[in-house]
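So, here's a batch of structures to check.
In the two complexes below, subunit A is the common chain; its partner is subunit B in one and subunit C in the other.
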Partner chain A sequence: MELEQINALSMEELLTKCEAVCLDFNFTTVREWKAENPGQKAMGFLPTYVPRELIHAAGMLPVGVLGADDSLEIVRGDACFQSYICHLPRSVVELGMTGRLDCIDGMLFPSTCDVIRNLSGIWKMQFPDKLSLYFDAPQNFDMDIGGKFYRVVLDEIWAHMLKLNGSTATNDDLLASIALYNLNRRLCAEVYDMRAARPWVATASEVYILMRAGMLLPVEQHNVYLARYLELAEAETKAGNRREMDNARVVISGSFCEQPPLALVRTLERAGCYVVEDDYMMITRWLGCGVPVEGDALHNLVQSYMDYKGESAAKFVPDGCKKGTELIGRIGSTNAEGVLFSAPSFCDPALLDQPMLQEALDRVGISHTAFKYSENTGQLQPIRERAGTFADTIKLWGEA
Partner chain B sequence: MSQNLDVDAKPSIEKEESMFVQKKMIADHFDRLANAKESGKKVVYTFVPGNLTELMLSFDTLPVLPEINALQAGMRKMSGEYIAEAERHGHSEDVCTYVKCDIGMMLKGNIGPTGQKIPDPDLLLLSYTGCFTFLKWFELLRDRYPNCPVAMLHVPYQGEGEYTPEMVKYVVEQLKREIIPKFEKVTGTSFNEGALKELLANSALAENDLVWVLEAAKNPVSPIDSYFGGVYYIGPIFTSFRGTPGAVAYYKQLRKEVEARVEAGEGPITPDGPMGEQKFRIVVEGPPNWTSFREFWKMFYDEGAVVVASTYTKVGGVYERGFRHDPEKPLETLAEYCLGCYTNLNLPDRVGMIANYVKEYNADGFLMNSVKSCNSFSSGQLVMLREVEKRTGRAGAFIETDLVDPRYFSASNVKNRLESYFQMLAQKRAAAQAEVMA
Partner chain C sequence: MSLSIGIDAGSSAIKVAVVQQTGGSGHEATHAVLGAGQRRIRGRGFGEVLDAAMGEALEKAGVRRDEISYIATTGEAEGVEFRTGHFYSMTTHARGALFLDADSRAAMDIGALHGRVIKMDERGKVLGYRMTNQCASGSGQFLENISRYLGVTRDELGKLSMSGETPEKVSGICAVLAETDVINMVSRGISTANILKGIHISMGTRCLKLVKSAKATGVIMVTGGLAHDEGLIAAMEEISEEKKFGFDLRVHPDSVYAGAIGAGIWGLFRNEKLMERGGLATA
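Entry: the complex of A and B
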């Protein structure tokens, strides 16, 4: 879609378009982009974080492969994983083996957990003709140790990206991509801030759709969508179409990798929750929006990665830091009243984190409850009851 | 691997000298742990894959391995209670049962297999090698021991099927600038490279003998069971003893015993005595179930199945490819060791290793024991199964159990599946022989 056309969309049209993009498991957006850019490649990535700037600067389309929902029947994927493995790799394999990912020329598997790590090996065996790279981000955050290693990792990925797309992109191209993604992260942050301040203006499900569509759209387009959304949300509010309700302000924690179905996010809203903060699609926050756009671009990405203080279950909390501190900070900064621990079934990182985070919240008297889901969860009534009871308890008694 | 060989449990068991030697090594170690406060020795908790035992011993510290505590609890039938205790404290039923067993054991007083309390750690040495859960596990332990420092060693994964000089350098830098300084601070002593080199030289000697013992299974009559027996053989070298003269002596003794069995054309010794006819030679991928370990083993030897090679005996080091700890490059060798552990290999490499085992050990088939608790091992095993079958032309079997959660070991299901599998192997063999005759 042309950028001018996006700027002419109404709120309803914008949301319909974004929802169609993020629920299209045939990756039409990617196919269209490739048709419009003959000879250019698309590079897929899994959650949690990859440096999309390297893909973009090499002239390729970064494509978030976030799995599917209950609309995709899983047959081949289930043949690859035991019942006790989370759902995400099943749908990713299903997408691959049914040809839906044929438009993707390579995949980056970040060091999120053992399942995604092993999925990188499965990909190598199942799709030997496609580029498959394991992205091993350091867990040592000393610039002289982990930083030096990370530089090597980025150098290698950069070389692979250039080779895959036959690109001769330079440091300047990479700096330009960093600037674009800085803008993307800044606009995402503005949307998140709007939601935190006025969750009835930027609602959880709208923000979810908007961010998830950004995993598939070219960043140039996504930036226009974000700006247009901010503009339209204000206009809707001024027109009196969006009014505050007596909902409980909650933070979602534990959904950093396998994404919930959109219906689950809507269920939480219907249950009386204002989601003022979440950890969906953390890539939209990682590094922040101030990666320097001068000098050595790869160094800038390394330094920003080392400096980024955001917590994730996929990231080691260094010695001397207290687990949960960052979560408590986000609860404070968004004026949240409680936390919904929402982890995918069989997600080791999120579920192992959970007791530590719950204890940290207990120490400071913050209410919380927990439920599990998978990306194809269809039975939402138990979640609605749990979230609704939690919200009611907060509103009625001020503590759960 | 096990440090819990209860040689006295059944009077009829034939005891070999190496079993007594190992039992004494373990008992002495737990005595030292129990007396750590009095002796002033510092206690370091760490993991088996990528363990830095020689470095720990060079600082005269005492290692404690939480996975070993968990598997011992499993063998002692205590793990179910410990897991339940952890789940009562909010730990999900979905996650690693080693972690929950360890946490539950701590909540219940942290009593070790000898009935003595395991002392609190002075240092948590998180060697993040081949298992993401380790990282979470030690975050959980840090919550439990908030004043205990954590030395974090990030070992990169062999995503592209090999480790690079840059990876080695990264690990060495962490050793020099993060790990060793923390040891120095905790122990109050300086790093002694000479002592480390001496320990590493001993490691290489023991590793030579271990490789010889494991490769003895290539004989037409395998003198060992490389899985159920193998977990005992790897005990000293994968845990607290690698690099010690005691470990060198243990492996010399073990080799001597296995050499004698090879000479005599004898098979391994099982809990019910020497194994009889070996009808099936099997390769096994995945950790064992510990809660019903003997029952599980019996399902094999009752059917005349001997395990000739296993991947689990490589989690604490893959030595058969030629790696030996090298005292001439002490930190580099530790880095290379960590990088080369089995679960740090990518899936295509793991498939290649199993396929090679099937060929080199002349196996009739292979088995995947998929444990619910261990995504590092289990995720992808169904794909591995098909790939190994394709490469070797041998049939594979797939069973599901767990490490230490007794709820996930269904003896009748496992037995049924194994019996069917062995029957199928027998039929295939008969059909192949009939074809040759025709």
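Entry: the complex of A and C
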């Protein structure tokens, strides 16, 4: 879609378009981009974080492969993973083996967990002709140790990106991509801030759709979508179409990798929760929006990665005593009243972290509850009950 | 004093109650129900049925809509756009039961689709619950289907059932099997009264099992659409006595409105809290 056309969209049109992009598991957006950019490649990536700037600067389209929601019957994917493994790798294999990901020329598998690591091996075996890279992000945040290691990782990935697309992109091109993604993260942050301040203006399900669409859209387009959304949300509010309801303000924690179905996010809203903060699609905030755009671009990415204070269960917290401090900080900064631990079934990182985070919340008296989901969860009634009673508990028996 | 509307949308009817805070504050506040109304959905549009039920409740209360401070929804009414807030149905039935009888320590909510027992404390705080799962054989919808097969109106169900002397046993596990049982009984010439009594005993047994499993004690207020099915209540009392459960089951003329009343009361509680912090934002 042309940028001017996005700027002419109404709120309803914008959300419909973004939802269609999110739920299109034939990756039409990617196919269209490739048709408009003959010879250029598309590079897939999995959650939680990859440096999309490297893909973009090499002239390729970064494509978030976030699974297939509940729209795909998993047959081949189940053959590759034991029953105690989460759903995301199954649907990724299914998407690949049913030809839906033919438009993807390579894949980046971040070191989110062992399952994603194993998925990278399975992918290599199933698609030997396609580039498959394991993105080994450091868990040591000392610049002299983890930083040095990470620089080597980024050098290698950058070289692979240039080779895959036959690109001669320079440091300046990479700096330009960083600037573009800085803008993207800044606009995402503005949307998140709007939701935290006035969750009835930027609702959880709208923000989810908007961010998830950004995993597939070219960043230039996504930036325009984000800016347009911010503009339209304010206009809708001024027109009296959005007003505050008496809902409980909650933070979602544990959904940083396998994404929930959209219906789950809507269920939480209907159950009386304002989601003021979440860890869906963490890539939209990783590094923040101030990565330097001068000097050595790769060094800037390394330094920003080392400095970034955001946490997820996929990131090592060196001092165990501090586990949960970052979450408590986010609860405070968003004026949240409680936490919904919402982890995918069999997500080892999230479920192993959860007791430590819950303990940290208990120490400071913050309410929490927990449920599990998978990306194809269809039975939402138990989650509705859990979220509804939790919201009631906050509103009727809490401090609020 | 502040006024609220509680809207309880079930799967077969919408119930509305206009509640007034008459004194006190917070969890110690006192309330009165000024008016209530209900409408069966019967395939009509949700908005149309809601308007009619609200209109009836407001008219009975002698209150204008613009005098209402908080519109509270519960049940399936979470899609009502003009609501102020939504409460989960267990929370509202518990509070409604407590309002109807201050001695209540559990609510037995038997609606069109399921039955459940909610245990609460003296403030209406939910302490635990048990509910029927998967099968509809303990629900009002099932009873409605059966009454249709037997050619009996809902109003006749209770009296007919109570006249049954040799009730026939009906499957208490599966609605499909229970319906098959009923068809067989009709062909075997079993009287309608004995069939209905058998059904009520089967449903009552299920509901009382929930009470036991929830470890509910003290007064149990029956709420929901089936609270006024005297055949079911009589059957439960008989079973409780026969098995020496010692349950104190009670029904109130406004039992069907318990969810709506509870929503209205919680709405007023929240309204007070919201006012303390300056109310809800309008933009």
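Here is the rule we use: the second predicted complex is superposed on the first by the 396 of 400 C-alpha atoms of A that agree within 3 Å, B and C clash if a C-alpha of one lies under 4 Å from a C-alpha of the other, contacts with A are read in each partner's own complex, and residues count from 1 in each chain.
We adopt the following convention: a contact is a pair of C-beta atoms (placed from the backbone, for glycine too) under 8 Å apart; a residue touches a chain by one contact, two chains touch by 3 or more.
Everything numeric here is computed off the predicted structure, so don't read it as measured data.
Peer 1: Please tell me, clash or fit, for subunit B and subunit C sharing subunit A in the overlay.
Peer 2: They fit: once the shared chain is superposed, the two partners occupy separate space.
Peer 1: Quick one: classify A:Lys323 as touching subunit B (first), subunit C (second), both or neither.
Peer 2: A:Lys323 sits against subunit B, while subunit C stays out of touch.
Peer 1: With both complexes overlaid on chain A, does A:Ala79 touch subunit B (first), subunit C (second), both or neither?
Peer 2: Once the two structures are laid over each other on A, A:Ala79 reaches subunit B alone.
Peer 1: Examine A:Cys113 and indicate which partner it touches, taking first as subunit B and second as subunit C; both and neither are also allowed.
Peer 2: first
Peer 1: By the touch definition at the top of the document, which applies to A:Arg243: first (subunit B), second (subunit C), both, or neither?
Peer 2: second
Peer 1: Between the C-alpha centres of subunit B and subunit C, what angle is opened at the C-alpha centre of subunit A, expressed to the nearest 10°?
Peer 2: So the angle at the centre of subunit A is 100 degrees.
Peer 1: Report for A:Arg198: first if it touches subunit B alone, second if subunit C alone, otherwise both or neither.
Peer 2: second
Peer 1: Could you look at A:Ala227 and tell me whether it touches subunit B, subunit C, both or neither (first, second, both, neither)?
Peer 2: A:Ala227: touches no partner chain.
Peer 1: Tell me the contact category for A:Met143 with respect to subunit B and subunit C: first, second, both or neither.
Peer 2: Neither partner.
Peer 1: Report for A:Leu262: first if it touches subunit B alone, second if subunit C alone, otherwise both or neither.
Peer 2: After superposing on A, A:Leu262 lies clear of both subunit B and subunit C.
Peer 1: What does the superposition give for the shortest Cα distance from subunit B to subunit C, in Å?
Peer 2: Across the overlay, subunit B reaches subunit C at a minimum of 19 Å between C-alpha atoms.
Peer 1: Subunit B touches which residues of subunit A in the complex?
Peer 2: Interface residues on subunit A, with respect to subunit B: 79-82, 84-85, 89, 109, 111, 113-115, 117-122, 124-126, 133-134, 136, 138-140, 142, 144-146, 148-149, 152, 313, 316-319, 323, 343, 345-349, 351-356, 358-359, 372.
Peer 1: Provide the residue numbers of subunit A that touch subunit C in the complex, in ascending order.
Peer 2: Checking each residue of subunit A against subunit C gives 198, 200, 237-238, 240, 242-247, 270-272, 385, 388-389, 391-392, 395-397, 400.
Peer 1: Touching residues of subunit B toward subunit A in the complex: what are they?
Peer 2: 89-92, 94-96, 99, 128, 131-133, 135-137, 139-140, 142-143, 149-152, 154, 156-157, 159-160, 166-167, 169-170, 173-174, 177-178, 346-348, 350-351, 370, 372, 375-376, 378-383, 387, 400
Peer 1: Flag every residue of subunit C that touches subunit A in the complex, lowest number first.
Peer 2: 70, 78-79, 83-88, 90-91, 125-126, 266, 269-270, 273-274, 280-283
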